[in-house]
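Mind having a look at this structure? Questions to follow.
For reference, chains read A, B, C and D in written order, and residue numbers begin at 1 within each chain.
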Amino acid sequence: MTDLATDICGIPLAGPVLNGSGTFDALAARRVFGDALVEEFPFDCYVSKTITMNPRPGNPPYRLWETPSGMINSIGLPGPGVDGFLERDLVGLSELGVPLIVSVMADSAEDFAILVEKVAAREEVSGIELNVSCPNVHSGLIVGEQPSETEALMKALRPLTSKPLIVKLTPNVANPHEVALAAEAGGADSVSMINTVKAAAIDPVSNRAWLGAGAGGLSGPAVRPIALAQVRAVSSVVEIPVIGMGGISDAESALEFILAGARVVAVGTENFRDPKAGKAVTDGLPAALERRGFGSLDEAQSATLA
Amino acid sequence: MRAEPADRPESPPAPFGRRLCEVAESRLAGGYRIFTLIDETGPVPAPGQFFMLAASGGWAGEEGRPYLPRAISHARFQEVPDGGMRLDFLIDEVGPGTSRLAAMKPGDQCWVAGPFGSRFSLPRQLNEDAAGAILVGGGIGIAPMAVLRRELVDRGIPSRSLLGFRDQAHSGGVEELFGCDEIRLAFEDGSAGHKGYVTDLLLQLLEGDDSRSAAVYSCGPPAMLEAVRQICLQRDIPVELALESPMACGYGACFGCAVPKAGGGYLRLCIDGPVVRGDGIASAMAGEPAVD
Amino acid sequence: MTDLATDICGIPLAGPVLNGSGTFDALAARRVFGDALVEEFPFDCYVSKTITMNPRPGNPPYRLWETPSGMINSIGLPGPGVDGFLERDLVGLSELGVPLIVSVMADSAEDFAILVEKVAAREEVSGIELNVSCPNVHSGLIVGEQPSETEALMKALRPLTSKPLIVKLTPNVANPHEVALAAEAGGADSVSMINTVKAAAIDPVSNRAWLGAGAGGLSGPAVRPIALAQVRAVSSVVEIPVIGMGGISDAESALEFILAGARVVAVGTENFRDPKAGKAVTDGLPAALERRGFGSLDEAQSATLA
Amino acid sequence: MRAEPADRPESPPAPFGRRLCEVAESRLAGGYRIFTLIDETGPVPAPGQFFMLAASGGWAGEEGRPYLPRAISHARFQEVPDGGMRLDFLIDEVGPGTSRLAAMKPGDQCWVAGPFGSRFSLPRQLNEDAAGAILVGGGIGIAPMAVLRRELVDRGIPSRSLLGFRDQAHSGGVEELFGCDEIRLAFEDGSAGHKGYVTDLLLQLLEGDDSRSAAVYSCGPPAMLEAVRQICLQRDIPVELALESPMACGYGACFGCAVPKAGGGYLRLCIDGPVVRGDGIASAMAGEPAVD
């Protein structure tokens, strides 16, 4: 059996498969599936749903729309707010047996700083992902669209913690590598990508926008070719590791991201089709590596794409 | 008799992951279709619970839809002597997902995850004074009502079922899923039973009855559910509704199935429902796709 | 039978269905299908493949990759160059019996000007589409990514002809409406959108980039939700009409674009699946309009999306 | 006898658009599969031409692929007494598209566009001194060779067929599609016929023969085609090859099927091919997907 052990920003991982933020609520899953969820936890590292300063109800329904080979969501970051999360949820998440990355997002650099400090202070937390790219929240400027804004934000947050800071990039820009380079220059330890692609749908009956929030973000296999292009463009210019995602549905597609330059991968929408999708990806990796002629995960991670 | 309505009975955890189940049968039932899966590993599902289903081959039509699994309530279960269960589902073909499920043939494989979600309470848990249960079902919503009715029969709890349909085509499954005891039908087109809405029957019943001893359960089209909810709220009658909402995952992962709560905010229908108390939500019509 | 007659930038059309540039070679199709191609021509207006200054061979193979509900192409604008096109191809295209829009693209404003002047001089030509968005040509700056560049280009070209100038927008920007507003400010008569979305694929055998040119553009139903969002964002701010496209595969999806704010639509990738796809869209429109409660095409065109 | 090799015979225009044809039969043929469509409106296809095929239901697997139609050469046609044609196709299941086509059952419908592309020339058109034809086929590439051979038999033109296969699993269809006259087989694994490459057989034949009277036709894996091409070019023997390349449309619309021409630039294989002269292209291996 091929050894899949690896690491991301110094966090040791039993394998290269994370979940995409917001696509797997481990606490709800434990309620539904019982302790089997923990015993067979499908990811090598758990990324929380994006946490905000204050509790948020999320966007009005409808929040989902199925598309050809994908879906649009407009969830709007419902959640208990950072304090509720740290008080109530973190304990449960620390029982999962895998390293924990907490995703945070705020409207201002000041609030981002508060979130980072509060979250980093907790020893259960191995890393922090900065969501500067959510298309479903009306927070005015999307920091992640501007390299200069991204760099400034990173410079402000970097001194606050020695824990890994991961910047989640938006795909909705002309040149994601510029934003990635800015994140790196500002001190980011890693970039994760892609977040969802801006998308819309029309109600088949009422002729109005289907989504309660008007528009949302596209995910699933439909966006995989877009994600692969962006992962490749970014990983070929930055030194920091890339967490690749966008439409990964099996080991083969996960390996494509690694060949495109990602160090590790995350499974998002596929979790909705199969609660154990993360495990299915991991289980398929040794054979997928072999089919493509790699003796180890490391070989594939260090392959460079011609 | 307890002083306070108790919690609902607990439902067992669902097997983690999804599993392949074989299609044993598929048959027309009026304008609907009933198909049967053989589930060898799942626990006995409770009334109101649902499964996420996806045909294992060709789950994707001409254009990559259906892509996500579809939430479907079970309409009946029967334990099989040599282990496992027969699960019946009642399907209304409204789009690519339900059509693909309905097109499965015996021997085909179907991905199954679940059972998921909350179950109906027992009448005494809903209302400590309950003398029995009133079940109000409409269209495809008769499926969970049929399961609840069977459980009540098994437990020896009296129930009366009021079932409403637009027309004969939208009344599939009644004969097969319901016994003939204590059932009253309403057809909007007057083709059988009462001509009009099933809520007419409910109102008749509640007028004759002592409302204080009623416990109402309902599943059906949003407009019907909201009417039932209003009737009960106005009379202070405890009511549980099985709602629908677009779902991607069915187990709390996507936050997509939001339904507005009574006090503001949203619940996740897949884990906080699909069975909700009438006074727990803002409306039975807000979280539904705009289907007629 | 519902009357589908309409117009785009003053060009009268028997119906609202164009082809996407580069997705239907009417001359090749005539060789293959004979005169039936002309007798049953599937579009209400024909848009040529993008024409360049000089002949181009196009990109090395492979040029195609199928994706979930879509495809990536990296064709690279092969063609005879403007003079070859005007000498040899235009006559054949003028026999199609529908108005003709010629798509052009150049590396510089000067070359764009030459192309516009040469093409506009021909009476067979009803309008000119400016492709400032092709992801498959390495021309340095993609004009269509910068609102200021787009506006400057338009201001330079506008005086050269009174024929309609249509700007084909790229979807690979954060805010397509800014580019659209710039095109409008510069004097464009219309914008067409979306061009393909940057995408990549990995060779399943060699672990290299599959496409000869490294990357390409995604099209087909997979991108439809992205296109709808962009058409909506653009049409809600510009006054000029929008030509909507991106994954249209039938009358229902065509109508979605019209509800999102497009005046007319174009069929691209679906032509590859069905040579008569344009006609299938047109034929299905009356029923699709009726299903959604519209008495006429015009009603749908003037509906505003809530 | 004409002084100059003439143009290829013209192929009739394809019906504009795509049409639904019924699957009449589907059967295993060694490691391959042969299925039969009833085409009621298309013209008789010529040897070397191909069709774009897509199953009409479930053309899209779990993940929205296959999405585009697939280019498939016909392997045989037979006019049906009451109008129309039986078209046989030989299928190698290498991915989602060919697998879906192979899974079609009698009575299923299949979208068909075509026949498309160029046909093989007749021997005298290729080489005015030709005494007959040498057909070199490999693997799935025996399909167009079989059609060409039948035409030559019908026209009374002598031909010899050399067919090469990796192993028995990759030799499906030989018995059914070829008569037993003048056929020589080569198997790389030595399981039958000559042990080795079909090009060995070709070399033997050309050594014995007067090369000046040869006209060679070939279809098969890229490496085999390139070997045949080199053998012929070196000996100045006119050769026509039926190539493959990824295709989206099949009728010249997408410019995706580029194959490098001898003098630089690219041809569109769907309309300038799939049958090309050996000296017209830069290599038989450049426009092919990287399949083994």
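Worth pointing out:
By our rule, contacts are C-beta pairs under 8 Å (C-beta built on N, C-alpha and C of every residue); 3 or more make two chains touch, one makes a residue touch a chain.
None of the values given here were measured: they were computed from a predicted structure.
Between the contact lists of subunit C and subunit D, the overlap consists of A, B. For the interfaces A-B and A-D, the C-beta contact count is higher for A-B. Seen from the C-alpha centroid of subunit A, the farthest chain centroid is that of D.
Averaged C-alpha coordinates give centres for subunit B and subunit D that are 56 Å from one another. Averaged Cα coordinates give subunit A a centre that lies 34 Å from the centre of subunit C. Centre to centre, using the average C-alpha position, subunit A and subunit B are separated by 35 Å. Here the CA centre of subunit A is 47 Å from the CA centre of subunit D.
Among the residues of subunit A, those in touch with two or more other chains are 65, 67-70, 204, 220-222.
Listed for subunit D are residues 60, 63-64, 67, each touching two or more other chains. In terms of inter-chain touching, the protein chains here all touch one another pairwise.
Touching subunit B in their complex are the following residues of subunit A: 22-25, 28-29, 31-34, 36-37, 40, 49, 57-71, 73, 75, 78, 203-206, 220-222, 269, 271-276, 279. Interface residues of subunit B facing subunit D in the complex, by the touch rule stated above, are 57-64, 67. Of all residues in subunit C, those touching subunit A in their complex are 65, 67-70, 72, 142, 145, 170, 172-174, 197-202, 204, 207-209, 215, 218, 220-226, 228-230, 232, 247, 252, 256, 259-260, 292-293, 303, 305-306.
Across the complex, subunit D is touched by residues 68-69, 221-222, 249 of subunit A.
Taken together, the subunit D residues at the contact with subunit C in this complex read 13-18, 54, 60, 63-69, 111, 113, 116, 245-249, 251-260, 264-266, 268, 271, 286-287, 289-292.
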